[in-house]
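Once you scroll down, you'll see the structures, which are given as structure tokens.
First subunit A sits with subunit B, and in the next complex the same chain sits with subunit C.
Moving on, here comes the complex of A and B:
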């Protein structure tokens, strides 16, 4: 690749960059450093609606452990070259494995893939960044351990550390992943290695069981940030319940969302339903069923409400489809099942049990996710529009019916204006909901790409005006989303950055934090 | 891994056909099947519920098989290019996920029926 086309880090000369790479090669070995365009392709492919060049990496390095990372930090400080750590690198729709700013060096931690410990009595695990959910699942199966974890939808290829540090979510009772993590090991910009919580104490054996330690609890500052490189993470596993009863409740009307949320919230807060309930719209279910969009829409523009109704009728899909489960013994689940039946009857919903779901791919992958069984069923979403474009718009909402309907209508209207479909779902935390919308577009069509960017921008600002903030955002919108949270928070983030990483070498710009 | 073991058993037929046995008794294509089982099958497996297969079925409209394991026109080079670069909605896979040697094996496995 000619040097003028090279994506170099901001403010770094070719000479310094080359020197840094030479020193990094000496640390990790030449085969674990990539600088040419072709081998960097997997670190460059993005689905978000901005030009590839905006997030092109200058290099990728693949350390095999903490000692190599510490040495790389020294070199990065010396030459002021920024590194962008990734774990399993499958942050698809949020920026994939590409850096937040052009020219950053991707630090790919996939080689660090040890499951260091699983404690079957305490139901905890300690894992490295390269571990995938599939790997952990296979490990538990092989060792005959009746333990479950919670995973996100792309679980067969993604992993717990990367997901947790971006504060991702899953679908079991442990679905809020950061909440169920316990203890981190972090390499700081100066090469120090911090263990959070009880891990800070030498010889402590309570690192994976007690989160807080003594004094300020630091774990949170290493999520959705750039204050350190997480090299180990503790996570809690749940004992496989003797009886697991997943179900779906389908509702016929879009406006039903109000009564669904109001009826389910008390059950969720009281933990009758202990898991992260999902309320998925027709157009989330359809592609995973699978239904072909081209059978219902011709020409440009968003799908019509009539076509959505026709899909519901043709394929037995609800306007809203609620997914939840009972986790307990047969006796407790029998008792709680009566409550579920009563709620469904009172709200006009139709229950689909596990037995009745057989053969429906959209239901099967959800039921698997609710017990932490990895799959990629949800990639069906990408066949809806085709063309490889996707960016997640993910505002937080109160778990109140009126709020969800308001958010849904606002989003649908703005999406429609730009010719995009409302492909959304609500994931119920405890008292909150992550309203997750997949803004799907054809990335090979420049106009659609521009519209997708403008659409997200309008969504973001319209929602912010109403006081709705994002739970997470793609690298393309990191700065704009951070700005919606106001100046005081940002100032503190900057001061922390200055204290922990004065040369601004770890992922500057991630979540809008930079010097 | 259970999935891998399963893959290895089913691969025996392939192994016999390709005849490239290694010292350890595994052929290149057989090892490729294990890679396929680990990384590709959830999207590209045979039958419904596999989004990759579904996308290719849609694209080829019957002219070619949607399931990669049923294709008779794949070369190792094509397989490698798609794995590393991804295409359209398909994600990429880095060499820290599928090593160069594993990718060679995967190429051999998916090209085993290449009739050209």
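Moving on, here comes the complex of A and C:
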């Protein structure tokens, strides 16, 4: 065991670091600079299976706006100290609020938490990075605005800017969050402030309504990257539909996934179902129901198929549980409902309506998410195994039945080899699916921690061999995941980094990009 | 609180076999106000939580601390508004949580959003034979792991937390006020998991209203 040697940024001397901190204190005020261990604790890595030291921050700073960030950039360049920006810092299972590399200074943007504008006619919002979904929800409620947004499952505590910047997803028809963002303000490493799209023009009033502007579209390079610090983001809001009809369809067999996907894909592509369809496995539903794993598994190792079947029978959970909704008028939803009923009947699924779902925690939190109502229902996942270990394994697949079954079997086999359960779901984007697997393990057990790392590693490489890449990854695997995308892409990313951030001061290593 | 006392308490309890004192000296929670109020939040519907919280509370009582006790249901700990209210009530002192993994993440993350640090967290695994504990202390890079017999599973934790919140002494005896507790009821099949933790709430600020944050 070793005590926490002060975590300094790579290649930075104590003297230079201290000087940098003095200058940053002068910019933001001493109370907004944290360097001691205890106040820094919220910026420590949680959940992911690597030693905490690997992601220990050297400090955290909390600027109150763009001007302070520009000044901090100057100091960072002068002393070559890297900063790691976070918005609401809840990237749990992907790295939490901790920096990608040891010693980086976390730049926590939570003080920048203004909802700058909500345009109720155009259904747009402009927000700062510290705004949480809960805050935006409260704002819309207090102002009686019949507008919905899309949010990820930990919505109440996370925020739209951080989620969009990491290309997260949600469950309303606006669930592909980057797609429904419109206009960013970004502070670059040299302190320049870029507004993307129409925002680049002075006096433009179309920043939040037309994404592309003129010339190359730059927004994408500021997501899953480290080319700038996003300080404002426009997002589209959805008018609350006159009639919203969420539903769940339960299927009894694991192999049903093939017909489910093949039956639902056409409805999704044709936008009969306009939101991201979620197809959740029994073991995703079980902890959120809640079911206790210890009632079904006594020894070490992965849960048996028989035990999973027993859970399904005991708790009325499907092998697969499909969540989607109809958004429209009563007339259009009545018409589309007939299609849903026909598809469910033809594929052997049992429909559960909103009325029938009352009292079921697992269904209620899903139905709320499908209308953008923040909640914390999905945290129940952490009670499945206990011990506070989790890392998301999230490959992309085609929305084809055969592909999903293949991915599920591959994942289940590898997870089982290391003693872990398959806790997975497929989120049907449009033509793609995010296959999200929560690799849950007991962090207090060193063997399980090591196995979790090795298991993720094997999953990653086995999937890559089959041509399956990650949609998003934890900071601990950023480099390895980036490597699966090949050298040419990486070379371009590096050249962009050199051009935009020659001193490598913004989050070096994020998504595998560094000089 | 003196770092040295904190360490003596842990080492005296045999908790940290093989841990060099020097390594810990730099890592123990500092700056906690002596005599600050403590709120113990235990999840009412969680097996063993009452027993563990009772023992921790007993240690704090024995150290002469002002202790408030809350026993919310797990459902409440999964709701944003109720957790925010709990944090509001526990400001300017320490919050000790005894709850399941999901609730612990929610409470700690909401506290972190409000600037409050979790200074110690322990995962407990309760089985018929023993209680396995794995403790993470802010600033320590390795976890502290030990097992206790089911007969006296929480005494060390009680001492440790009492010291972390600024009052405990290594010599404070086992809390006698706590009745024989439910740990003995554990059986292997249950091997239950629960989490206890200490959050320093002195830096939790007032909440902003959405009107204040609207430009």
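As a working rule, the second predicted complex is superposed on the first by the 510 of 515 C-alpha atoms of A that agree within 3 Å, B and C clash if a C-alpha of one lies under 4 Å from a C-alpha of the other, contacts with A are read in each partner's own complex, and residues count from 1 in each chain.
As a convention for this text, contacts are C-beta pairs under 8 Å (C-beta built on N, C-alpha and C of every residue); 3 or more make two chains touch, one makes a residue touch a chain.
Small disclaimer: the values here were computed from a predicted structure and weren't measured.
Overlaying the two complexes via subunit A brings subunit B and subunit C into a clash. Touch criterion met: A:364 reaches subunit B, while subunit C stays clear of it.
When the two complexes are overlaid on their common chain A, residue A:52 makes contact with subunit C while staying clear of subunit B.
Residue contacts after overlaying the shared chain place A:111 against subunit B, while subunit C stays out of touching range. By the touch criterion stated above, A:41 is placed in contact with subunit B and with subunit C alike. When both complexes are overlaid on chain A, the residue A:131 reaches subunit C alone and has no touch with subunit B.
Once chain A of one complex is fitted onto chain A of the other, the partner contacts of A:29 are absent, as it touches neither subunit B nor subunit C. Set against each other, subunit B and subunit C touch different numbers of residues in subunit A, with C touching more. When the two complexes are overlaid on their common chain A, residue A:301 makes contact with neither subunit B nor subunit C. Looking at the shared chain after the overlay, A:379 reaches both subunit B and subunit C.
The superposed model puts subunit B in the path of subunit C at one of 79-87, 133-141 or 151-159, which is 79-87. Shared contact residues of subunit A, touching subunit B in one structure and subunit C in the other: 39, 41-42, 88-90, 92, 97, 110, 134, 138, 142, 156-157, 374-377, 379-380, 382-383, 386-388, 443-444. For subunit C in complex with subunit A, the residues that touch the partner chain are 18-20, 22-27, 29-31, 78-80, 100-106, 109-113, 115-119, 123, 125, 132-134, 136, 138-143, 145, 188-195, 200, 203, 208, 210-211, 213-215. The part of subunit A that touches subunit C in the complex is made up of residues 1-4, 36-42, 44, 46, 51-53, 56, 88-90, 92, 97, 110, 113-117, 131-132, 134-135, 138-139, 142, 156-157, 287, 294-295, 298, 374-377, 379-383, 385-388, 442-446. Within the complex formed with subunit A, the residues of subunit B that make contact are 1-3, 38-39, 42-43, 48-49, 51-52, 54-55, 58, 84-97.
Against subunit B, the residues of subunit A that register as touching in their complex are 39, 41-43, 45, 47, 60, 62, 88-90, 92, 96-97, 108, 110-111, 130, 134, 138, 141-142, 156-157, 288, 290, 292, 361, 364-365, 374-377, 379-380, 382-383, 386-388, 390, 443-444.
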